[in-house]
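The structure appears below as structure tokens.
The first chain written gets the first letter, and so on, giving A, B, C, D, E and F; residue counts start at 1 in each chain.
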């Protein structure tokens, strides 16, 4: 019976694969109903997915809140936490109200349906064809944690200068207009999934998407005052280290949970994830040691997060040792994106959301095309003689990049039309904690 | 010799340091202090409680200089630390009767 | 077979319901033995409940320790952590020795039996009729984490001034004389449960109870020196934000675990919980923004905790969207309790245990009577045409409030009879860290 | 079917027991193949073990990183975190590459095989005879987290003065030459396991082992400058308290997970663990109160960790109330080891790795011989009329102690042969954060 | 002008500030300092180690005043900062030869 | 009386304190400050950014002494704070016109 379930999971996740060859909505539909009929809530899968949901929530609060606030100056620590925290609350409500149904119901190529608005029709026994062994409510809240952290990630690029109210407006709009559609395209049966794009846990939907939006924001808001001149040394890096630890642990739920059950695929996803994070940290450490003469803690944690972001799309499709290679790639690519590319292009992506998540997400998504292994995820990549998968992945990257860039640009502009995006000079100097929230670290 | 004590706005430190270097001053000691004056503070809110914070962060510079450099240094600081807004701070000049460089035992002007 | 188990779980938790109509101990007894006979340890439920136990423990250490210590001044940070930490250790031992058996064995209306003193008779295969699919030892330790955090919560009201030794004495006595009986009345087959009072995870037993005890303590100890005059700004609010994140995540185990199994009810409980927390945070933020002109981080996390405390009794009985409404109510009610009621009455509840947990717990318990939904928890509330449930809930609130207030008052007095409750003036000024524990943050 | 599985688990873990009477490799082999044939992946066990793995990882990052960095001076906080963090990344990769296969494959008395180098041959359905109900990849990564934290523990003894590069070299060598063999001897079917040595979750392999290595390191590196004279007060003890909370919670995965399934044995292990931690904390607190006049927070958390380390080898073999006794013993023994023995012998074990983990691990391992209970772990100890078990345990302690001491000594010497172990005077004074990593807390 | 430097107990700051305002002083600079003196410190215990902490937290006030205000200010501080217990602190009066308000360039008495 | 202000390396504090006590000084006030001078600082690296930190941690001592003790105290500090390496710091002697012990109201020499 497990084997059966497991097979089914494969089917679901690799609709893509199936579709890749016979690209017809029909095929998909069939596959799905097939799933439906066979659906039954499995207690073990439910146990694991509840925990996975808690782990991914922990990635945002307190994980990401710590990771980010540990890299800013004292005067902005609380404001940085506030962004993650408020985005979590706001996007959770919006996701339950409208986001989920638009992303994960129906088989439309572009958007889902309105069948599940405000969870309408979701009862104790309801199951989604996309997660055939757990309650649909669990699938909804699990996916909610992904939506939340993606929005929260963007804040890192505009840290130290974006107005809190403008950030909230942007978050709400961006969730619905940028995140939701892409989630549907890649995971909800949309055109990218049908085209065979593989993204196990969010290389495109989460990381590339957030990285691009962040980059656009960094350009539109402009650099922080004193950028390049004044000392922007982090106030308390230990917060960032704690945050990285919680992110790393939480990522077990992020990538492992994307198997949607307590099965071997979840185990392999977690193994590849852990190895990629380790290699990413070691690689960044080694490079910095070599280039700068000293291995910084910030470097190690940056490498770990780079490895985690990069393995995300691949985790459930590749072998553990591929995780080592992908982690290595992540360390190298993201290191230079943060220490060279950023300087070269002159944008001020405060906490390197683009350099770490954008670049990492894209790299990982493409590498899935190289390493995808049939025995793990049911799909073969370049190494198994299916080179076209690389192109399919590239297609996914380009589409995500394009939509995220264009739509984010428009949204930032739209928000700035009715409220300034950036705090005034005086507030920026005094710090966001006091000026935006009326609080301060003593 | 004189001890020039200046209270300035924190974000002006780099500018002042550069200005001092440019007039040939290569040593100083700074302290993070809090200042009370005309510049009004902000209000902090913690649930039921509101606190008006009147003591604002400032940087206190101490620079020991030879008699003859005093005016040049005072001017350099005034110029560099000035924003024209309330809270720019003060400069006080205090007499030093004796100075020693611990490392060498040199005294007075040589000690600076 | 799952459905079966699941049905059984319902029965257990809603003995109340059953009893509500035919109020006879017999009924209960029957129901229970019925359960017993059918009992069998389910590995998936066991897996989830072990994790739920870990999550609730994490709520106390480090969750609550952080949440509380993040709101005090530098000189009291360690002492505040010490209270949570010592309460955890002390109450765990007492619970295993005597608390559990008095609360969760037998069907006495007032107290349990002594059958399980020091876990006597609990073997590898023993199962409690109150948790028919997991080992009794697991049920015991799961409930232990509830007892621990309830006692630890009280410390917030007397923070910054209570002597450590007096707090330990109070904790031990309060656990046995206040917490244990109420737990039995509401969850262990006592008279409130038989009367049909619904409290899924502790609106009365945990939150209202702790809030009332705290309020009594705040009155008896008196306000902190300089209260209202000096600046009591928190030393490092970032600790409180981290703590809130861990509390929120841990609450999945608190409310989700109260379903005692990896089933849809746990999922619905978690969904309602997460939505209530989100709405609570957004509501408090909005109110503060409107009233004070700025949304503080402390406000957001206070709102989140208010939402979490308020949904607690309702979580396994209501629909997800009810969670939104309850979170909204929590935000409004607790906001005014902390910013107006406290000032109006002039008590110094240092960390607003009454304002957040007391008021929230009572509000939530009453709202269960309004929103209880048969399809979720087997019981109907006002909205489903069973208005009397509101009165039953009110009855539960009043009884808990009364017992907690009277007994707590007596216990504080009793302790003060042999050791002072409050540190001397000098120690309060120097700070509790140095004077009570001989340590300090450098 | 559960009962069956469960029986099997017993067999596996207590090969020891079996062997103790008929000491023949044959017996073992048979037992194992028996297991193998019957092996089948159980989804509930898999769900629990994935979470247990995440929990143990959380013990290292951020748990141990916080616990340790919270006890050092400001100038060394980040460097201390860096050691834990880098050890995690480095040892994870080495474990997957070579460590696991040498420790957990084959039935060699001294070392395992090379069959699983780089996870070769581990597929989705592969199961290890040592963990018959979960995927082998999961067993590998679960054990990986043990290897990681053991190496990270050692860093505490040489904190504040060891060069980062030297630490990395030592970590890699020590993992492979000290940890891996001992893990095989005790858990992988090696000679200690066959001799009947009982160590449920690592009293010898993890705690005694790390404590001895740390002690050797402390002697070889020498005391920190100003030791005994200058004020070495911890910079921010609150970090250590947070760390202890996460360690405690994570320990549920450490000891509970060592049952390798979601069963009653895991539950009993966790119960004994929690009670021992609580008693340890209370005991240390009481002793310090009595001896020093004040109960420090550092004392309470030290006692909790002492209790946790001491119960580790016993957790799956004893009754809950034994946990209370063992926790009490831990509190007393470790308290004097840290406050008297260390002074008496004059070594500078910076963070008391020997005093807490070394002494605790040894004490606990011996006490297993006293309290082992057949109904829990299938083996009887002194109290059940099997006194020889105490000697068997002693044998395990002596062997571990000897190998760890000798090999660690040689490795420290070996590393010092090509790179200095200790930073120069100037760097030690300036602090490791700036001199080793080019960063600092502002 | 004089620079009045006072070392006081931290919890007395508000009182002293009020006292100064009441005698017409509207500017001052404060520093968190540690003091060593007759007042004995406390002992901190960390596992095996005990440390006697002799340097106790104090607040250092600097107030530049015009010649004629000196005594009034000194008295105001003494009165407000006094608890009568060891550790109340000291007041030192130091000559200022020149003072400047950075914002306006005003000097001496006008600068205060 | 004189106010002796010394800037020293933090790890020398204990030595200097002992030296002062041994010459009969039982009171002082210290401040954590940052110093800029000949001693060159270190570089901190945060991902893409490198910062040269020129302001190094120092301890500032203030000791009010009676006229006649001045030299003895200055010598005691110089001797105790000296490492011979760049960055040892400075000693400045400044006149005090008046001193008060807040607790007793004692003035001048008696106040110290």
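Quick note on the criterion: a contact is a pair of C-beta atoms (placed from the backbone, for glycine too) under 8 Å apart; a residue touches a chain by one contact, two chains touch by 3 or more.
Nothing here was measured: the structure is a model prediction, and the numbers come from that model.
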Minimum number of chain-to-chain contact steps, chain C to chain F: 2
B-F against A-F, pair bridged by the larger set of C-beta contacts: B-F
Centroid distance [mean C-alpha coordinates] between chain E and chain C, Å: 48
Computed distance of Cα centres, chain C from chain B, in Å: 53
Length of the line joining the C-alpha centres of chain A and chain C, rounded to whole Å: 34
Contacts with two or more other chains, residues of chain B listed in rising order: 31, 44-46, 94-95
Contacts with two or more other chains, residues of chain D listed in rising order: 42-44, 47-48, 51, 233-234, 242, 292, 294, 296, 298, 438-440
Every chain pair in contact, whichever chains are involved: A-B, A-C, A-D, A-F, B-C, B-E, B-F, C-D, C-E, D-E, D-F, E-F
Footprint of chain E on chain D - complex, ascending: 71, 228, 231-234, 288, 292, 294, 296, 298-299, 302, 338-340, 342-343, 352
Touching residues on chain D, where the partner in the complex is chain A: 41-44, 46-48, 50-51, 53-54, 57-58, 60-63, 65-66, 69, 77-79, 81-82, 85-86, 88-90, 92-93, 96, 118-119, 122-125, 134-135, 137-138, 140-141, 144, 164, 239, 242, 436-442
Residue ranges of chain A touching chain D (in the complex, touch as defined): 2, 42-45, 47-48, 51, 55, 73-74, 233-238, 241-242, 244-246, 248-249, 252-253, 256, 261-268, 270-271, 274-275, 277-279, 281-282, 285, 292-298, 300-301, 304, 319-321, 324, 375-376
Contact footprint of chain F on chain D as seen in their complex: 226, 229-230, 429-430, 434-435, 438-440
Touching residues on chain E, where the partner in the complex is chain B: 3, 17, 26-31, 62, 64, 94-103, 105, 111-112
